[in-house]
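Got a structure for you, questions after.
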Amino acid sequence: MTIPAFHKQKSPLIIAMAVAGLGASGLVSAQAPVDVEERLRELEERIIAAEQRARAAERRAEVAEQQAEERLSEESLNARLTKVERQASGEEGFSFNAYARSGLLIGQDGKSTEGGPYLTPAGSVGGAVGRLGNEPDTYAEAILNYRMRFDNGAKAHYRTMLADGVRTSNDWTAEESNLNVRQVYVELSDLPSFTGAFEDAAIWAGKRFDRDNFDIHWLDSDVVFLSGTGAGIYDMQLADDWTSNLSLYGRSFSDFRVSRENPNDTGSTDNLILTTNNYFGGWQWMVSGMSAADNDERVNDDWADEQAADTGFHTMLAYHGDSFFGLAGGSFKAALLHGRGLGAETKSIGSDGRLIDDAVSTRLAAYGTTHVTPTWRVAPAILAETSEDRYRHGDTYDWATLNVRLANELTENFEMQYEASYQWMDLEPQGFEDRNAVEGSYTKLTVAPTFKPEVGGFWQRPEIRVFASWSDWDEDLDGFSEDDALGTDGFTGNEWSFGVQAETWF
Amino acid sequence: MTIPAFHKQKSPLIIAMAVAGLGASGLVSAQAPVDVEERLRELEERIIAAEQRARAAERRAEVAEQQAEERLSEESLNARLTKVERQASGEEGFSFNAYARSGLLIGQDGKSTEGGPYLTPAGSVGGAVGRLGNEPDTYAEAILNYRMRFDNGAKAHYRTMLADGVRTSNDWTAEESNLNVRQVYVELSDLPSFTGAFEDAAIWAGKRFDRDNFDIHWLDSDVVFLSGTGAGIYDMQLADDWTSNLSLYGRSFSDFRVSRENPNDTGSTDNLILTTNNYFGGWQWMVSGMSAADNDERVNDDWADEQAADTGFHTMLAYHGDSFFGLAGGSFKAALLHGRGLGAETKSIGSDGRLIDDAVSTRLAAYGTTHVTPTWRVAPAILAETSEDRYRHGDTYDWATLNVRLANELTENFEMQYEASYQWMDLEPQGFEDRNAVEGSYTKLTVAPTFKPEVGGFWQRPEIRVFASWSDWDEDLDGFSEDDALGTDGFTGNEWSFGVQAETWF
Amino acid sequence: MTIPAFHKQKSPLIIAMAVAGLGASGLVSAQAPVDVEERLRELEERIIAAEQRARAAERRAEVAEQQAEERLSEESLNARLTKVERQASGEEGFSFNAYARSGLLIGQDGKSTEGGPYLTPAGSVGGAVGRLGNEPDTYAEAILNYRMRFDNGAKAHYRTMLADGVRTSNDWTAEESNLNVRQVYVELSDLPSFTGAFEDAAIWAGKRFDRDNFDIHWLDSDVVFLSGTGAGIYDMQLADDWTSNLSLYGRSFSDFRVSRENPNDTGSTDNLILTTNNYFGGWQWMVSGMSAADNDERVNDDWADEQAADTGFHTMLAYHGDSFFGLAGGSFKAALLHGRGLGAETKSIGSDGRLIDDAVSTRLAAYGTTHVTPTWRVAPAILAETSEDRYRHGDTYDWATLNVRLANELTENFEMQYEASYQWMDLEPQGFEDRNAVEGSYTKLTVAPTFKPEVGGFWQRPEIRVFASWSDWDEDLDGFSEDDALGTDGFTGNEWSFGVQAETWF
């Protein structure tokens, strides 16, 4: 746009000169009107000029307004920016998530030592101990997401996850690699044709970790870990305070022996798990039934005449609290799980095909987090199970883990972390897989000076930690199995280990 | 632009003083003139004030204009936004593409059942049947792209593809993993030194799927699938209506036996494939020649004295139509392929080193898509081949697949899909790889209620489908081979399968 | 806001007509005041209108200013854009890096031929030759980064790297796959609690390539390649001109034999490497000590009674120059390395557990780059080592590689590259791993027409190259080992190879 051409108007100088000239000439009353006329005309001209100028200014202000308006309007700059923001945040298009831990776990002899939260005899049936200063592996998950929005408002989420876990410290691990694809699924939500109870529902199919799995982080143990290939629906609103999920998961039981005489006779089947999760306020009730056709043909072991189960049942009642057991600020979760037959693997539902028909397990899981002072946080946890007739009639597996993680924030970037873990177990495998009956306890104490970008909570990551752990256990536990950590290669108790580790997720 | 220089004018004060001086001189014509003077002065002052205000408004409007102008100018906000838009869209920097399918395929016995479009005897030589409700695997491709723009206008595209396919339903598949890198290549385009016929040409090198491969989606069969490691040039403009590609692809023939007496004597060679694609309007003419030095030393099988070929020839004439065979709106593609020697594998060009010198194959491939009503879509397809002297002199492999996919859009997010597949085959392998001569047909019918974010076409993804399939075949086909699906473990016809599956690409 | 209503005012035309009418009527002094009153009132009204208009314009200009100001202010549009720019650039959130090469290397016989910079006998102890036209593999690294910024200013960087290298030209390489995770680490920087010497320090833990590794690109050889799992700190400012790093790396020595009689008796240990890098201007001084408990129990080979080392020492003095050895513009790097015991592997520090206690190695590495004319670039390099008592007492490994890469830029997108490589070696393994003493030299000459998006330097990528190489060597070298390239399958000298290759990094 151009500015109105002021130069075409009489210059103020000429006007002023005219005015001055007028003042200089003597005036008679006859001429007075003429002079007034003159001056009125002059004033009029100036008014017109001022008017024009004001109009021009107005027009320019209007244009500037429109420019700011238009270019920044929903339809343009702002809209474009909003779109790239959605893409940058991963709300639309690609996004990356990860979980990773990597570090050294070195024993007193200066070599890699045994470790992992499942290193005790109870670990063979899910009895985890505290993980801090106890992890010997580099484990990484790379999650690639792609989210789409459709013109009709529908959304789609595609997720694939690569995962690898190795114990070597070397960089090139082609020989040891366990790299594999753990998740590949599609989830659809906001579907316009879904109304009523289904209005907020999402449907999915593919291979996945169930969305509603949850864990006790410090034991590296999920409370339930349901995964496999299937399909389902989340978030059906069955009543005002009742939302419900329904899913079918398949898992593969592959290449098990079906003849004791001929080890080459193998069978395979699928464990099909129908599961529903129901939420009423903080309460969660999960019920699962499962069936694995012909799994009862499986030869469970070489010395006992046990028939594997081909069906199972599993249920969990859980509470998700937004306080520290009602006692203080913080959070807690508590769950009671019960399973029978193929459902007697209470955590990794439907994943253990060796369970027999009469297998029965009951598990308790609970943890809480709270600040006891502004700089001290505490997180106690318990995980305990009693299981019998599990792989052989008459076997019993009873164990309980108590764990507490403490953190003391010392600076913005540094905290001392402490973990104490105690596990008691009484296992009578009745000879299953050459395992011997043991009873005893395991204790681990860890101190871990920890660096993090910003202290402030148990879930703040990444963390870089240095640690020293001491662990000890009853000698009896060394005799459980020749394949597990305890009792092998001089790893027989009163053990120190040292290390460094990074852990992150996002 | 500059603001007119108001300050060069006489100051309003001087003007006002002159005017006041004038007013001080006595005037005749009663006092009226005095009042008039007074009021003129007042008016004048107010005019001056209005002028100043207008000027001020003008200046501010100008500033606002400039701000909007500058900050949003090409050089700044808009340019920055345009750049991040290019990055968010993947036009520049990183982008992610994927193909994935995952689901359950369960037979009448409640276990995973046989499946896959290549499950029939004809499948061993490329005879695919319909894939809907017939896929037992989790297959995922993750494509990582990185695109660069250079100051001189040149563009570069780096692509790498990870792919994995497994049949287990479990999440942790380290044992079964087939994860591998299928593509790693660089493509350069818009090179300023490329002019004339090469102006729009792109050059590439590395390992890749040829850009111009195309498929019959419903059969999970490419019409041509050329891939390997090499280099080439795309989109040379040889004449107004003639564009042409030229590429060299290598493929590895590894560790084949070269002595019937000593199974440990093995050889390896490379099949070097020189290929050109030529486009004239909708027509495509592809010609490929190939040579694999010393492949004729290969011992093709143990019982026949056949010499593998060391050269081959392949050609394809195809038409890419933008209507349903000229009959209705939609699309169609039709191709006639012919190959000899190593070129007698008509789809996966140059990938089969067992072909003998006299091998000859001719294949027809065609499909179309159209809407028959606004809510019904149909896609018929045909794939048929006759091949002889393929692996042994005197062998013949004749087969034809007819397939039709139907979809009935019922809501914005739901459609019923149907697929009927019929395949006839007459295979006489002359004992090659212990295979027996068979003749007969295979039929599969599938119904698949399908959810998608937005219905509207055969290529709209993702889809989440539930399905039931029925398949049957002539008993004769069970006897073809002990290694294929038909006839094994009671999979002998009149089979039902059920399942769920997600499929997506982007 | 609304525009002041111009239409409510008297139109200028009406005013002008009134003025004209005034001029036309004769005026008497008595009536003059009346008319003047009238007109003054009119003028007054118009002035008021002009004033209002000017005020309105002022207000609108102000609003427009504010809009431009606010919407574009640091707090809003600009800030949002800055954030997505950080995400698009990878400064925050996800980013992707890669190194990749892929191509064909075909010998005179039309088959894949031997290649790789480590193909000579000296290659077995790190003696690389020129890589141009000499690489037979598809090697790709995919690096996934995620960077976080915290409110307190701290930054975190998570990196994971997938890598794969295969020699097959086929696309589906599940059988040959070496895909593995080479890096998984977290690095924290800008930590507010880090002050003084640590103010600019960064700490890390996990599995990684050390940040300060550097290479001679044309030989595909790092000068130092330190990698493994551990933790460390970078960039401590110990004095004004002294920055220092300190790291602990672990590497795994797995499954080595500890008994000559019983091959199944194996041991494993960790080589723990404590390393410090110190920078003084262009100078770098690196010192590393290492210890691998019980590695001295390793049976190094079957015929000699050598004891592997369990400690080692390594040091490097390097200079990083910003000119061509002070002679011309360009760059150069020079390093002298010395190692003993487990430190006698001078490049891949601490990775070779077979070294014996008395092993000693001294290596020289240097290269430079410069333009000799505006279109000719040259990069000479030298890598040489003398090593003795390496795996057996009395063994000696002396070798030296001279290499020169030349490039002649012919257009914006095309340059001719040339490489000449000469290597002399005198190796006396004393029978270690069935290797024989050899002395002689190897020569390779390569010409490679090269396309790139923009020529301009040795580090500009991607490149797509076509090449022909000629290599020859003393016949003596063929006898070194039955497991290496030289002397096998007729690969005995005077060899031509041809190929195409893409290479990129970003």
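A few remarks follow.
So that you can tell them apart, the chains are marked A, B and C in the order they are listed, and the count of residues begins at 1 in each.
One rule holds for everything that comes next: contacts are C-beta pairs under 8 Å (C-beta built on N, C-alpha and C of every residue); 3 or more make two chains touch, one makes a residue touch a chain.
Note that the coordinates shown come from a computational prediction; the quantities given were computed from them, not determined experimentally.
Because chain A and chain B share one sequence, their contact can be compared position by position; here under half of the interface residue numbers appear on both sides. When the CA atoms of chain A are superposed on chain C, the rotation angle comes to 120 degrees (nearest 5).
Averaging Cα coordinates per chain places chain A and chain B 32 Å apart.
Of all residues in chain B, those touching 2 or more other chains are 28-29, 33, 36, 40, 43, 47, 50, 53-54, 57-58, 60-61, 64-65, 67-68, 72, 77, 81, 84, 88, 94, 162, 177, 179, listed in ascending order. By the touch criterion given at the top, residues 28-30, 32-33, 35-36, 39-40, 43, 46-47, 49-50, 53-54, 56-58, 60-61, 63-65, 67-68, 71-72, 77, 80-81, 83-84, 87-88, 93-94, 144, 146, 148, 150-152, 154-156, 158, 160, 162-163, 177-186, 188, 191-194, 203-209, 227-231, 248-252, 254, 268-270, 272, 291-294, 351 of chain B touch chain C in their complex.
Within the complex formed with chain B, the residues of chain C that make contact are 29, 32-33, 36, 40, 43-44, 47, 50-51, 53-55, 57-58, 60-62, 64-65, 67-69, 72, 77-78, 81, 84-85, 88-89, 94-96, 98, 100, 102-104, 106, 109-112, 138, 140, 142, 162, 164, 166-174, 176-177, 179, 411-414, 451-454, 462, 464-466, 500-504, 506.
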